[in-house]
Every structure is written in structure tokens, then in C-alpha cells.
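Two complexes, one shared chain (chain A), two partners (chain B, chain C).
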Partner chain A sequence: MQILKNKKYAILLLFPALILVGVFIYYPLFATFYYSFFDWRDFSNYKTFVGLDNYRQMIEDYAVRKALVNTLIMMVCVIVFQVGIALVLALIVDSIKAGYKFFRTVFFFPVVISGTAIGLMFYLAYGYDYGLLNAIATAFGGQKRVWVTENSALTMVLIPVIWQYVGFYFVIFLAALSKVPQDIYESALIDGITGIKKAVYITIPLIWDVIAVCISLAIVGTFKVFDIVYVITGGGPMDASQVLGTYLYKVAFTGQNQGYASAIGVLIIVLGVILSAISNKLTERETITY
Partner chain B sequence: MSGMTKKFSFADVIKYLILVLWACTTILPLLWVLNNSFKESNEILLNPMKLPSKLSFFNYSQLISYGNMNIFRGFLNSLIISGSVVLLVLLFGGFAAYVIARFDFKLTGIVKIFFTGAMLVPAFSIVIPSLVILRKLGLNGSYLALILPQTAGLLPFATLTLAGFMKTLPVELEEAAIIDGAGVLRIFFRIIVPLSIPGLVTAAIFVFLWSYNDLFMSLIFIPIREKQPICVLLSLVSSIYGTNYGAMMAALIITVLPVIILYVFLQEYVIKGMTAGAIKG
Partner chain C sequence: MKNFKKILALVVVIVFMVSLIGMLDSTGVDAKTAEKVKIRAVTYFTGADPWTNTWKEVIKDFMKKNPNVEIIDEATPTTNDAIRTKIKTDFASGNEPDVTFFFVGADAEPLLKSGKVFIWDNELKKDTKWSSNIYKSALAFTTYNGPIKEYKGKVYAIPTIGFYEGLYVNVDLFKKYNLPLPTDWNKFIKAVNTFKSKGIIPIAGSILESYYLIETFILSAGGPQGRNTPFHPSWEKGLNIIKDLYKMGAFPKDALTLQDSQAQALFADKKAAMMINGSWCVGGLKDKVNTKIMPVPVVPGGKAHPTDIIGGFGSGWYVSKDLNAKKNGWPVKFVKYITSPEVEAKFIAVGGVPAIKCKVPNVTPVAQSGYDMMAKANSVSMPIDAQILPEAFTKIRTDLAYVVTGKKTAKQLLAEAKKIQDRVKK
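Up next, the complex of A and B:
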């Protein structure tokens, strides 16, 4: 296998991938840190070194605080509702006799659709004159109402964010449940453990490692939320539904303040690293073997 | 009836009720959009729940030019961009994966760390410098301005999954080919690629969906209307179409249709690709 020891070939084959990742991921990563110490606007050729000023500004910035709090709220809701609903649905589908394939197909399908389309769909559903929600409300004799207000904006973007990915975790749980050996359930049945009791005391502990992976994926995923919020509210009104991604976009491309946006970019990196470390700890627990 | 109750207990009824309710939330909103896409806006306002009085493609015909955008042009742009991204990621990712999987090469470990690390970098944090680079390279305003960053963003994941797949392939065929004096590229294209088809298809679907659905990078790297992918146009319709709800619904349907067709025909690959791509998600 002389040919497979040839370094020239190895480097040649690796070259395009390494160059692209180097130029468009690693170099920008370091450049973002560098730019965050400058006052730099409108993508101009002139940058002024300002030290930690951008970071100081970030601490006092109401929108950053709001975006952080919203991200944290989103994280909790995603763990409780997204992963929670997915688990409940998977446990139910695993226990029924017919329709397994149908529900798997139907539940997963929002995952493949873009956040932009999902966002627009909910934007239209929330509409006042023509919206689906008001149509349902009036059909049941209720009143039309304005759904997205400063108070409700976060909830109204959270619903599609959570809803879209339930099917994703559902499929992962379903696969995990199908690997639990039947004889464990049979011996539980002999002991008279069925239904919800069986789920809580036997099934959930058995797939706990998968649940932990899903929770950590969901946590990391909340940092990537952008499309749905951007389309439905754009982070507004009055930053009420702002998340870090939408705020960075606003600062960099509407406010044209690239130095400050870079500092926010650094904040996203740092938070991502911290949270990945925490969720790695969470998933470190030994895998159960049968 | 008593026979039925034996088969279907009360608990079963509750179970199916919950499942059907959730299924309604995933299907009904899109059906509502589809239904209204065949109605003119004033008919939607009159009753957004009713079936259209006549099947009208009026809304769809408007999409060719509304404001200064052409949804179908956007769709074509998306195919050009995402198609190129798929080809580049599979080609370059396949090359790199082959080295990781098969070559007896000291730096393979470092290369793996290089790709794994790159997967953790959030897109939000790298777009500003990337834009500067693209301008310096003179790619501003071209399709490549989006194709290259998207390719770079998807390469690490695709490379590592393809490498995992290639490691499981039997080596005998390659050994025979080497003895016959075949070159590296010939072995790659004639032996590795055909054997890796299932892995390549899964990766291709994941890469395509991710690229086709990506809004953030598309918004930033392609500012020229005529070259923007459909996702960007869709994000603009609510501000540009004003109160033309029918046209918005039609634009939404055009955008999701190809993805739904892909899902219906290649469902197993799609689910596999998306869940394997969890890290990128």
C-alpha cells in the first residue's frame, strides 16, 4: 500500500478542504476577536483602536441584556417543551399498535422546512384580518385580537421555535426506544408495572443518555436561532423578542457598527464554549448497557 | 362494540387523540397556506378558512415580478447556489475523508481536530471578517460569495461523516487496484465513490437542505436582488408585498414545495441525514 503512504497525495487531497475551512472559518474566528477592540463602522477602511470600549458598551446595552435573558428563557422552554413533548410523543408512538410510520413522517416534516418559511407561516397565522388564529377564534365565537405585542412577542416566536424541532428529538427518541430489549418490558409486566409507571421507572432511565444528548443539542441549538425571529418580529417590538443572532445582525448590518458587532460575536463564541462544556459534563454519564 | 373496547382501551383512545392533535399542528397550518394561495387577497380576508371559490393561479402568476423580485428567479438562484455547494462539499469533503479514512499519514489526527473544532464555530461570529475577505477576493456580488462560505461551513461535518463511512468499506478492491497500478484519483473515483453512494446521498441531502434553508449567510453575502436565493426573497415578502396575502401564501408554497417533494421521496435518507447532522442543525 505504498501509494497510501505518499504524503504528496495526502496533502493534495486535503488541500481544498483545509484552505476553505481555514480561510472562511478559522481566520474569521480570530479576526472577530481582533475587530472587537476597534471602533469600526460602515465597513470603512479606517478602524480606531478603542481597547475594551465595545465590551464596556455591551455591559450597559439594554438590548444585549434582553437578548441574553431571552436566550436563557428560550433554553429552558426548549428543554422543557421541545425535548419534553418529543419524549412524550415518542413514548406514546412506541406503545401503539398502528400508525408508527405515519406519525414519524408527519411529526418530522417541519424539521426539513426552512425557518424562514416557518416564520412566514406563523407571521401569516398571527395576522389580524386574515390570520389563522383569529379565524379559529371567531369561528368559536371569540374576538379578534392582535397577537404580537411587546408583551407577547417572545412567546409568539418561541412557539414556532419549539414546535419546529419537536419532530427532530421525537425521531431520535423513537430510535432509542426501539433498541430497548423487549424482555425488560416483559419482566416489568410480570411485576405489574405498566403505563406511565413503566415509562418513568423503566423506560426513561434506560434511555437517559439519549435524553441528555438531546438536551445538550437543544441548548446549543438555541444559540443558532435566527430565521424564525428575524421573519416574525425582527427582534422587536422594542427589542422584546431580541436574541443574540438577530441583535448581532441588526448592529452589524442595520446599525453598520462592525466593531461592536464583533464584540457581540465574541460573546456568542464564549457563551457557546461555556455551554458546550456544561452539556458535555451532562452527557458524560455512563451509557447503560443491557 | 364490546369487541372494539377490548382492542382499544380508554388509554389507547387518549394516546391516539394526543398524536392526532400534534399531527394537526404540523399539517394544518401548511394546508391553510396552500388553500389560501389559490384565493385572491380579498377572498382571504372575507373568510380565511373557506375553500377557494375557484382554483385560481393568479397569486402564482404574480410571483414572476412583484416589487423588484421574481420568486422563480430566486428559486433558480437557490438551485445554482445549493447545487454548487453540494458538489463542492462532496468533492472536497470526499477527498479529505479518503485521506482520513485510509492514508497512513501522521497528521490525520490533527486534521480531524481541525475539522471538529471548525464545527463548533457559530456562523454569527464569523460573517463580518468573511465579508471583508470576499470583497478583497473581488467576489462581491457573485454567487461564489455565498457558495464558498457555505461550502466551508458544511465541509467539516461532511468530511468527518464521510470518513466514518469510508472506514467501514472493505479494502480488498483498493489493494487489487493498487497492484494493477491505478493512481489515487482513479481509485477514488472508480472504487471509493461508487461504494460510498449511500453515505454520499445522505450527506448530499443534508448539505442541500441546510444550504437551501439557510437565511443568515444568504442575507449577508448576496446583496444583489437578481442573485438572491429564494429564502432571502421569502424573508422580504411581508414587507414588500404589503397586504397581498395571497401572493405571500403562494411564495411560501413555491419555497417549501421542492423540500416537501424531496422529503416524500427520500424520507429515510432525509431523516438520517438531518439527525446525523444534529451538530450542525
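Up next, the complex of A and C:
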């Protein structure tokens, strides 16, 4: 116990973790920033310094603009629907006595499935000739339709993206709700506050710090969306569902242009940091202790 | 303490005696050679392609014949360009495998630039018993013609399995609707219209993965000369033909997002009458009798000869120069085994075009039609992506959707791709 109280040992014990984070997070981060100033292709040892050329190309690139707009739309939808649905579900499940564990498991289940598997599942569902949705439609006498078009592509990838992580936030909210003291609710009940009013005026303000963290996580998470979109549409058709992650992959690995891809990577990092800082500022409230 | 010293002395004596006995046992055998030689082999025989079982069987046989050699199978998929990333980073970081089965052409340049690739010319001259079986025409595809001086005119990979791209036809469907086979453009268009009216997909093609559509129609429009000249005006015509066919409804309704594997399934299930694809599809066909492979017909005003095709030997066996020297030439010996007529026959029995003289038993009618197409070809051209920058080709392929839907002209798209190409060539 004496050892644990000694700060010297604490610092020493933190070093392995610091080294790991340094090697696997901070070094690649700075390396990406460095590579973004080079014309670097084919993962070769040859790089030419081009200054801000990659950033200039990014400004002219229609696909980057489209991916940026799509990522921002996705971010708003994720905050509203993913975090929103999770909160509503948590409030409902928290208010029931029977089946609490069942609903918790069922809603959390999609989180444990890999994004690629979910992507493949939805890709196979959307297919025109072999797809599940069209099979159901024709079984009920309906007509086959093309589910993923230029107009619908973003929505079709948003459905699985939102669906997958609702359970994650749901469990976090459920844990936060379980910590709210019952006596607050009891006094509210005496004052005649129940139902939606109870949720809006009592529960949500009490767990606001948790909601703020979830919004922050959702914002950062949107910039990481890749696998589901890549498997279902590959970012297409015509960049309609392109997000920054899929476009970075396309440039780096299909196009073999790692310099330009690094510049897109820097954009993702910078936007992620700025937007999560803004969200932290906007969701800042006085902490309620109970 | 005394006891400890005694035990320590006893251990030292035992270790010494055991070592002595070991040395006596291995009389005449160099300890170094008794060690297993480990050869890392990277291929794309991961199970997603038809040759995987043959590859596994062949490396097992090789290890049985050479018990002192262990082949470490590091197969990496071609999907999502994983193999490109692995090979290029391995060579750039000094972690190159002993033996690599990889693409030739533009993809190989970073490998050659690293200076780590074994040049085969001397070996081909020295061991004629082995090299005389390799077709010279196949070796021409793996002879370097680019700007890297050290490799100019040298063979840098040994070819094994070749490929062709052509028009796959479900002959039974043509018979059913009394249609002549699409040997020229008019018959081709007639077939497209008829099948469309009968509710059958005319061409199982993917616009998302439109590699073969682009290559074959550009060849058809410009002939070998036009196709081999990057951004030749005939390229625009080739892309516009794909647009016209799309507008006619020749492709599946979800062609913009359909993956090539699903397009192949549509053809194999007879839901589609034709398909433009490569020789690697032969193994996956269900009906190997009523299917025929023929050249894509020449488009109106096209410069191609009716038998000009896309094909060649797009991959080959590379060996690491340094590791081969370090490992007593075993990597080269292994590649020679893989490229022997007996082993080649096993690979070609599954699919592909042989680069090495061999006797292949039980060739299916569809495979035979592919061989015939290759044999009768007036010219065989390599795909475009072996010729221009991957980034420029990716632009053409992925943005083809804009062209077929009329959101961008073929001219605009090619100008954008050329800009990418020129930026690098500066």
C-alpha cells in the first residue's frame, strides 16, 4: 500500500502505457501530418516535398467536398437519432420492472457485431436480384426496386450506422439513470410530475454530463465511420455516400497516393478535434451533484 | 552452498557430454544446413480464388521432397488492394518476402526501385532444362520496359498463370431466343435488345467495378495502338459506348453499386445472357458446356481487329535478391519447382492460360473456347491499369458512374484523370 501511495512508482507504472500511446497514436499522428506535405505514392521510400499542394488539391476535389458534407450530415443524424433513440429507449427501459435485462441485452447486441459483418448483411439485404428486401417485396406481390441510388445511398448507409451504436449509448444512459436517487423522483411524484415532464425537467438535467460525453463520442465516432459504408456502397454511386474515411481509403489504397491521403487524414483529425471542442463548449452546464 | 556447486558442476558436465554426443551423431553434416530453411511466400491464393487448393497441395509436396525447407504461406487477398499494400510496404521497409507472386507492369515499379528484386536473365540462360519450357511470349510480359535502368530489358518475374478478358456468352439462352452469337456489333445490339424485352439481363456488368468494361471497349474503339497510348482520343469513344449500353438498359438495374462477384453470379445463374470478364471466372461457372468465350465485338468505327483481346501475364514470381543468396538459392529453387511443367499443369487444370508448356487433362469446353480465343488473337494487350497510374485509373473506374448517368462527359473525366497522371509525371 505504501508503494502505491508513492507518486514515483505511479509515474513509473504509467510509462509503459505512455510509450504504447506514443508509438501507436501520437507518432502516426505526427507522421501523417508530415507526410501530407509530400508527394508520396506506392508506399515507396521516395517522397518529394510539395508543400501545400495536397491541401490545394483537397480544396479543388469535388469528392472531398461531398465527403465532408456527407460526414457532417451523418454527424447530425447520429447525434439526433443514435444518441436520441438511445436516450428514449433508456428512459423507457428504466421505467419498467420486468424484462429490464432482456431489453438491455437485445439493444446492446448490434454493438458486438463487427461493422464489416453488418455492412455485408445490409449489402445483401439491399441487393436488387438476390436481396432480402426485394425477396420480401415480391413474396407479397410487390415490385422489385433499386434500393441504393444516388438519392437514397446516404440514407441507406445511415440506417445500419445508427442502428449499430444505439445500444452502446443506451447502456451508458441506463447506467447513468440507475444512479439517479429515487427520492428525487418520489418528491416529483408528490408534486404531480410524471411521464415526459419527469424526463425533460428532472432526468435529462440530472444526467446531462453523461449526455454531453455521448454527444462528444458520437461526433468523434462519425469521423471513424468506414467499414459499413465501404461494404455497402463503396462511397458511391457518384460519391453520394462518400464519407471522409472511405475517401481516404480509396485515395491511399486503391489510388496508391499516400501523400494526398495523409492530407485527408489531417483534415479528419483537425475537424474531429475542433467539432468535439465546440460540442464540449455548447453542452457545458453546471455540474449537478446528487 | 557446497551442494549447489556440485549440482552446477554436474550440469556443466552433462551439457558438455550431450553436446559431444550430438556432434558425433551429426558427423559430416554442417549444423547450419541441418537447420530448416524458412521461405516466406506471399501470394494471393487465399481461398477467394480457385487456385488455393492447388497452391497448398504444391507447397506440401515441395516440403515433402525437401524436408529441410519450410514454406511459410503468407497469402494475402487482392480484395481492397490488400496485397498491393502488403507487398509495397514490405519491400519499402526491408521486410520483403523470399518469394512473391505479384502483379507486373506499373505495380512492380516500386519493388524494382527498391533494388531488392532478383533478375532472372542469368538463371534463364544457365538452366535451359527449366527455362526452355517457358513461352517466350509470356516472358515478354514480365520483361521490364520502364524507366528503371537496372531492370530495363530484364526479366524480373517468372510468369505462370496468364489471363484473357472477353465476352462470356450463355449459348443456351441465345439458342432459346433464336439469336445468332454476338460475333459482330449488330448481332450484339440485337441480342441486348431481345434479352431486355424478355426480362433477361443482357450483360452482367458492374459499373462500380468496371475494369473489364473499360479495357475491352477502349481496345475495341481504338485498337491496340489507341489503347496503348494513354488518353488517346479513342478512350473517350470507348467510355461513351459503355454509356450508350447503360442507357439502353444493357446492364443490371443496380449496376452502379453491384459488385463484380454478384455480376458473375447473375451470369452463372443464367439470369444474364452475357458478361464481359476475365479467365478467372471460368472456375466459378456452373455450366461449362453451354458457355462460350469470344472477343468483344468491334464497336462502330472501332479500330480493333475482330480478334484483338485484352490478356497476357499480369502476375509473376519475384524472388528477393539478398534473401536468395542468404538462403543458399532455395527461393529460386522453389520458384523453379512452381514453374515446372508438372506443377504448371496442376494450376492450369483449375483455370488460366499457361505460361509454361504443359499437358492439361480434361479441359472443359468453355475453357477450350477461351484458349482458342487467346490462340487466334491478332494481338493481346495488357489492361490499362498496368499502364497508367493506379490513381488515374481509379478515377476513370470509380467516376464512370458520372459518365453513364450523364453527369459528366467522358471527355471531362479523361481530362481529370490525365491531370492526375500529369501531376506525377512532372
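Here is the rule we go by: the second predicted complex is superposed on the first by the 245 of 290 C-alpha atoms of A that agree within 3 Å, B and C clash if a C-alpha of one lies under 4 Å from a C-alpha of the other, contacts with A are read in each partner's own complex, and residues count from 1 in each chain.
Just so we're on the same page, a residue touches a chain if its C-beta (ideal position, glycine included) is under 8 Å from a C-beta of that chain, and two chains touch if they have at least 3 such contacts.
Bear in mind the structure is a predicted one, so any value in this text is a computation, not a measurement.
Legend: residue contacts after superposition of the two complexes on their common chain; A:Y100 is shown touching neither chain B nor chain C.
Once the two complexes are laid over each other on the shared chain, residue contacts for A:I25 go to chain B alone; chain C is not touched. Of the two partner chains placed around the shared chain by superposition, chain C is the only one that A:N257 touches, whereas chain B remains out of contact. When both complexes are overlaid on chain A, the residue A:F108 reaches chain B alone and has no touch with chain C. Applying the stated contact rule after C-alpha superposition, one finds that A:G127 touches each of chain B and chain C. After overlaying the two complexes on the shared chain, residue contacts for A:W163 are found with chain B alone; chain C is out of touch. By the touch criterion stated above, A:F43 is placed in contact with chain B and with chain C alike. With both complexes superposed, B is the one of chain B and chain C in contact with more chain A residues.
Of the two partner chains, chain C is the only one touched by A:G236; chain B is not.
Within the superposed three-chain model, A:S276 lies in touch with chain B and out of touch with chain C [touch as defined at top]. On chain A, the surface touched by chain B in one complex and the surface touched by chain C in the other have residues 43, 127, 129-130, 230, 249, 253 in common. If you check the complex, the residues on chain C that touch chain A are 80-81, 84-85, 88-89, 92, 109-110, 113-114, 207-208, 252-254, 256-258, 262, 265-266, 271, 389-391, 394-395, 398-399, 401-402, 405, 407, 424.
Considering their complex, residues 39, 41-46, 126-130, 144, 146-150, 153, 230, 232-234, 236-238, 249-251, 253-257 of chain A touch chain C.
Against chain B, the residues of chain A that register as touching in their complex are 1-7, 9-10, 13-14, 16-18, 20-21, 23-29, 31-32, 35, 43, 85, 88-89, 92-93, 95-96, 99, 102-117, 119-125, 127, 129-132, 135-136, 139, 163, 165-168, 171-172, 175, 195, 217, 221, 223-224, 226-227, 230-231, 244-245, 248-249, 252-253, 258, 261-262, 265-266, 268-269, 272-273, 276.
Considering their complex, residues 11-12, 15-16, 18-19, 22-23, 25-27, 29-30, 32-33, 36, 41, 44-45, 47-49, 91-93, 95-96, 98-99, 102-105, 107, 111, 114-115, 118, 120-133, 135, 148-149, 151-153, 155-156, 159, 175, 178, 183-184, 187-188, 209, 212-216, 219-220, 231, 234-235, 237-238, 245, 248-249, 252, 255-256, 259-260, 262-263, 267, 270-271, 274-275, 278-279, 281 of chain B touch chain A.
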